[in-house]
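Chain naming follows the written order as A, B, C and D, and within any one chain the residues start at number 1.
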Amino acid sequence: MSIATIFEIVLAAVVLGLGIWTTAVRETYSATVGFVAYGLLVALIWVRLDAVDVALTEAAIGGGLGGVLLLGAAARLRNAELMVTETPGKVTRVSAAALSVLIATALAGAVLLLPDSVSTLAPTVVAHAWATGLTNPVTNVLMAFRAMDTMLEKVVLLLAIVGVWSLAPDSAWGGHPGPRHQADPNGVLAFLARLLPPIGIVVGIYIFWTGANHPGGAFQGGAILASMWLLAIMAGLTDTPPVRSRRLRFILVAGPGLFLIVGLGGLCFGAAFLAYPPALAKPLILGIEIAMILTIATTLGLLLAGAPERSAKR
Amino acid sequence: MLAPSPTLDATTTTGGFLLVLSIVVPVAGILLAFVLGDRYVRLVAFAVIPIGSAIAVAILAALPQGNGPLVYLLGDWPPPLGIALRADGLSAAMLAAAAAVICAVAVFAAADFSPATTETRAPFVFWILLLAIWGALNTIFLGGDLFTLYVALELLTFAAVPLVSLEGRAETLRAAMRYLLFALLGSVLYLLGTALLYGLHGTLDIVLLSRRVSLEPAALVAAALMTTGLLAKTALFPLHLWLPPAHAGAPSAASAILSGLVVKGSFFIVVRLWFNVMPGLPGFAAAQLIAALGGAAIVFGSVVALRQERLKLLIAYSTLAQIGYLFLMFPLAFGASGRLESGDALAGGLLQAVSHATAKAAMFLAAGSIYATLGQDRIPGLGGAGRMVPISVLAFALSGLALMGLPPGGAYLAKELLLQAAAEQGQWWWAVLLQAGGIFTGAYVLLVLTYAMAPADRQTTLGRAAPRMGEMAALALALCSLLLGLMPWGAYLSIPHGDASDKFDLATISKALAPLLGGTVVAILLGRWEPPLGYPSRWTALLVAVGPVRRAALALSALVERGDKVLRWWPTACICLLSLAALFAASMRVAF
Amino acid sequence: MSLACDIITIAAVSAGAFFFLAGTVGLLRFPDTLTRLHALTKADNLGLGLVVLGLLPQAGSLRDGLKLVSIWLLGLLAGATVSQLIARTARQGEAAK
Amino acid sequence: MSAVTVFGLCAAAAVGLGLYGLITNPQPLRKIIAFNLLGSGVFLLFGVVGRRGAAASIGNDPVPQALVITGVVVAFSATALAIALVLRLFQKAGSTTLSDDAPPGADPNLPGG
């Protein structure tokens, strides 16, 4: 057994241990903290699986923004926990456990018994990389071969925004999402919120830019930009924009909108919907991604901010 | 159904661009409406809906001209690398149904969700989500790739959940929460199946998979997980915990969409999975199991529906029963050998889905008008509705007749096809359930109509007058459902000729009378409420005469309702879900 | 040359790992928030610093080296800020009692 | 034991854990966390499948990777929507319980609208 395998086994064990702790611990807040740690370690698993693109996404989302989202909710729901909630009885718990184990076993069996004749699209993806001029295969799949999924996924993000906003009280519609954060303007948080964003923005743009040829991409970069924005909001340096702002709305649809326009351009003048002419493929894809990183950063930030709560000042 | 011809799968056919447009147009509408906001939201929706409907009609027209499904390769990348959109007869029928329902609902909702000069919450959310549901459904009907279908399913869920809680009351928020969590559980199980299928065959394209899938343990696990996940999203008994509160709590226009269309999305993917992706896999036992759940849903949903006091809850539980009805076609289409045998049964099932989509949406719209006018929707308090909102009550009655399976409704034709298949294959037990479904539907429709036609016990109207356009939209949709049996389905679904409903002989009439008469009996036995004022005393005498039987029946139905409470408890429903996954895997194993 | 590099790497990374271990034990065993923070910042500052120092000789290019150093600096910045905030909140919590 | 085996087992176990948590945890927020555990298990399964498909000098089949990235975004949106719902429910009703208020067997509540 090599050192790498031992490391992998230890990693898997720690991840599962954290998973069990997250499920079993009494306090919701602890469970949330456990889940954040879990998310970060899962990112390591992705590195071991040689899927660095996913590792970046998982770290940014599972451990990062998802963690912030859950922690914020857990803090706001602390009082709810005190109320008695119906805990399922022993029979329910045992049968739930038995069935979960059954499903997990079946899955494990199914994965381990997959036929040896490996089915993969990796060679096909590599063979068609000429069509885009980008060398990161994952970006090629996301932006060219399965571009429809990516476009629809951006619509999902937009619908999530509509869904979250729809939970606003009628009186607050059009106003600012989330509470207004106050912090000591000379405090550490404000200091960090002034110091970090320039660095963070550079890193975010770098990760996005390098995504054409190396692991990275619009989503991972957008997540970093979103976190910088959130930091400034939490430090009270800036406020969330009012949801009726036309400019905000425009940014939120810029990514999927440009995607759609380029796609329709392919339908009208090119080979097919979402087909890029090989000569223009790289600039077109980068253009869409630039619009997308703006949209993603704003969307993620607003999803974390929540529903509009304060009506905008007239 | 048109047989997919292998040579045509990997190239874009003429007219294929229509498939792209039918997805892109609603999506463009969403983006545009979101940016413009204010009072333009409804305008954008009203501009998009005619265009989208025209595209659906164009697809209907284009399909019979080619000899095979319409295909479009997105980005010009053939599967397995790229994603294909395909439209066969099933897709075309569902596309048309979705367009019809969306149009009617939009007309109905035009007044309820009219935007003010400054942007308000409900209209903004409603119109965007209406377009989103349409786009998601079209993607589901056309998607040729299992992962694209997953994204579309999530799109559908994300559009449907906020509609449930649009009114923002605590109970609707709770209903939306349960819906969201259970739907997410369902889609995760579906995604698990996709992971396994990709691991097995290196593709998620439906046509390619159908050539590669074989009987392997991993494929069985995948099929079982995907099926149960989709059933959870379809709310097939006993996985219906989220449906009644969600569909009853939403605004009426949204209820019509949720009940008529949204549950059909996941149902359609089950059909694709069983008939297109892995026709050899499920086999006899699994088909019997899925239809048994459907049968249970019919009995259970109908009995609980008859006990509801609120009209919208009654219709929601009736949806539960009708969903069960859709699954009766599986064993009839697969036959005893476990192979796809009867295309007629499949056609019947899809026709049932189309006619339910239109009829149930009409029913919810009619109920919405009644609710708005009377200010409440308690069934014993419906008296006078027949005079105050005659068109809506008529629409309710017509859609009820269509659901019961009366000629010339689509449901009638569907039922005939299924009964025929049941007779041919000797699976008489499903024929019994098919008839029972019609009778139960008759019971609750008659029950509601009895109260609605009764004179009012008070003169004042509490609500506002229902807009005439909305009432007409409901009526048009109900008529559409009732006339579905006369449409030329032959080009899209395999329906044998000469089976059309132009023969009104004695047998047809007796078939029509069965649900009505049976329904009356059931309504008398299981209807909970006192007969409305002003009814002939004979009615009361009849009730006294059947007193003991009725009491026993009511006690039984009370027991069923209590069972429903247990099944709608979160842990029970989840345990049912996982048990079903295990059962499906086991029954598919039995088959080979 | 490469042997010397490897020795430096092994020594520094091991020392870093030790500080991480000590910091984690402290985090789990120390009695109150402030002492726990003390343990934690040791792990961040020294542990991470030593690990980065150990990895520097293995870095393929100057760019990779700079990336490593900036990771350490960012870790320092974040660690210092967060422990400040936690300590302040903890003191407020005590004052409220 | 290869990475595929170790992490394949880990993925299956995470799915099981997530399912158990989703069923038995009464609080919605805990259900949401459990759903995320479940989701990460499913994504890892994709990763394992992709790792088996390493070819053409790529360590992990890019198609499952792309699917996972899309899936992670969708799961994150779902989490955000679910949390917004829970917070609003808490604000409105003062509790976050998901069960109906009516005790079993009682008549359904009269119309609230």
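As a convention for this text, contacts are C-beta pairs under 8 Å (C-beta built on N, C-alpha and C of every residue); 3 or more make two chains touch, one makes a residue touch a chain.
Fair warning: this is a prediction, and the values are worked out from it, not measured in the lab.
Annotation of chain A and chain D: jointly contacted by B, touch as defined at the top.
The most central chain, judged by C-alpha centres against the centre of all protein C-alpha atoms, is D.
More contacting C-beta pairs link the chains of B-D than the other of the two pairs B-D and A-C.
In this assembly, the C-alpha centroid of chain A lies 27 Å from the C-alpha centroid of chain C.
Rounded to whole angstrom, the centroid-to-centroid distance between chain C and chain D, based on C-alpha atoms, equals 33 Å.
In chain A, 88, 92, 96, 99-100, 103, 107, 111, 114, 118-121, 125, 145-146, 149, 153, 156, 159-160, 163, 167 are the positions where the chain touches two or more neighbouring chains simultaneously. Those residues of chain B in touch with two or more other chains are numbered 147, 151, 154, 158, 161-162, 165, 168, 173, 192, 196, 198-199, 202, 571, 574-575, 578. Listed for chain D are residues 15, 19, 23-24, 32, 45, 48-49, 52-53, 63, 67, 70, 74, 77-78, 81, 85-86, 88, 97, 99, each touching two or more other chains.
Contact annotation for chain pairs lists A-B, A-C, A-D, B-D, with touch applied as defined. Contacts from chain A toward chain B in the complex involve residues 88, 92, 95-96, 99-100, 102-103, 106-107, 109-111, 113-115, 118-121, 124-125, 128, 144-149, 151-153, 155-156, 158-160, 162-163, 165-170, 173-174, 244, 246, 249-250, 252-253, 256-257, 260, 263-264, 266-267, 271-276. Residues 1, 4-5, 8-9, 12, 15-16, 19-20, 22-23, 28, 31-32, 35, 38-39, 42, 45-46, 48-51, 53-54, 57-58, 61-62, 65-66, 69-70, 73-74, 76-77, 80-81, 83, 85-88, 92-93, 96-97, 99-101, 103-105, 107-108, 111-112, 114, 118-123, 125-127, 137-138, 140-142, 145-146, 149-150, 153, 156-157, 159-160, 163-164, 167, 217, 219, 300, 303-304, 306-307 of chain A are the ones touching chain D in the complex. Those residues of chain D that touch chain B in the shared complex are 15, 19, 22-24, 28, 31-32, 35, 38-39, 42, 45-46, 48-49, 52-53, 63-64, 67, 70-71, 74, 77-78, 81-82, 85-86, 88-89, 92-93, 97-101, 104-105, 107-108, 110-113. Residues 147, 150-151, 154, 157-158, 161-162, 165, 167-171, 173-174, 176-178, 180-181, 184-185, 188, 191-192, 194-196, 198-199, 202, 245, 308-310, 313, 376-378, 558, 561-562, 565-566, 568-571, 574-575, 578 of chain B are the ones that touch chain D when the two sit in their complex. Listed in rising order, the residues of chain D touching chain A in the complex are 1-3, 5-21, 23-27, 29-30, 32-34, 36-37, 40, 43-45, 47-63, 65-70, 72-74, 76-81, 83-88, 90, 95-97, 99.
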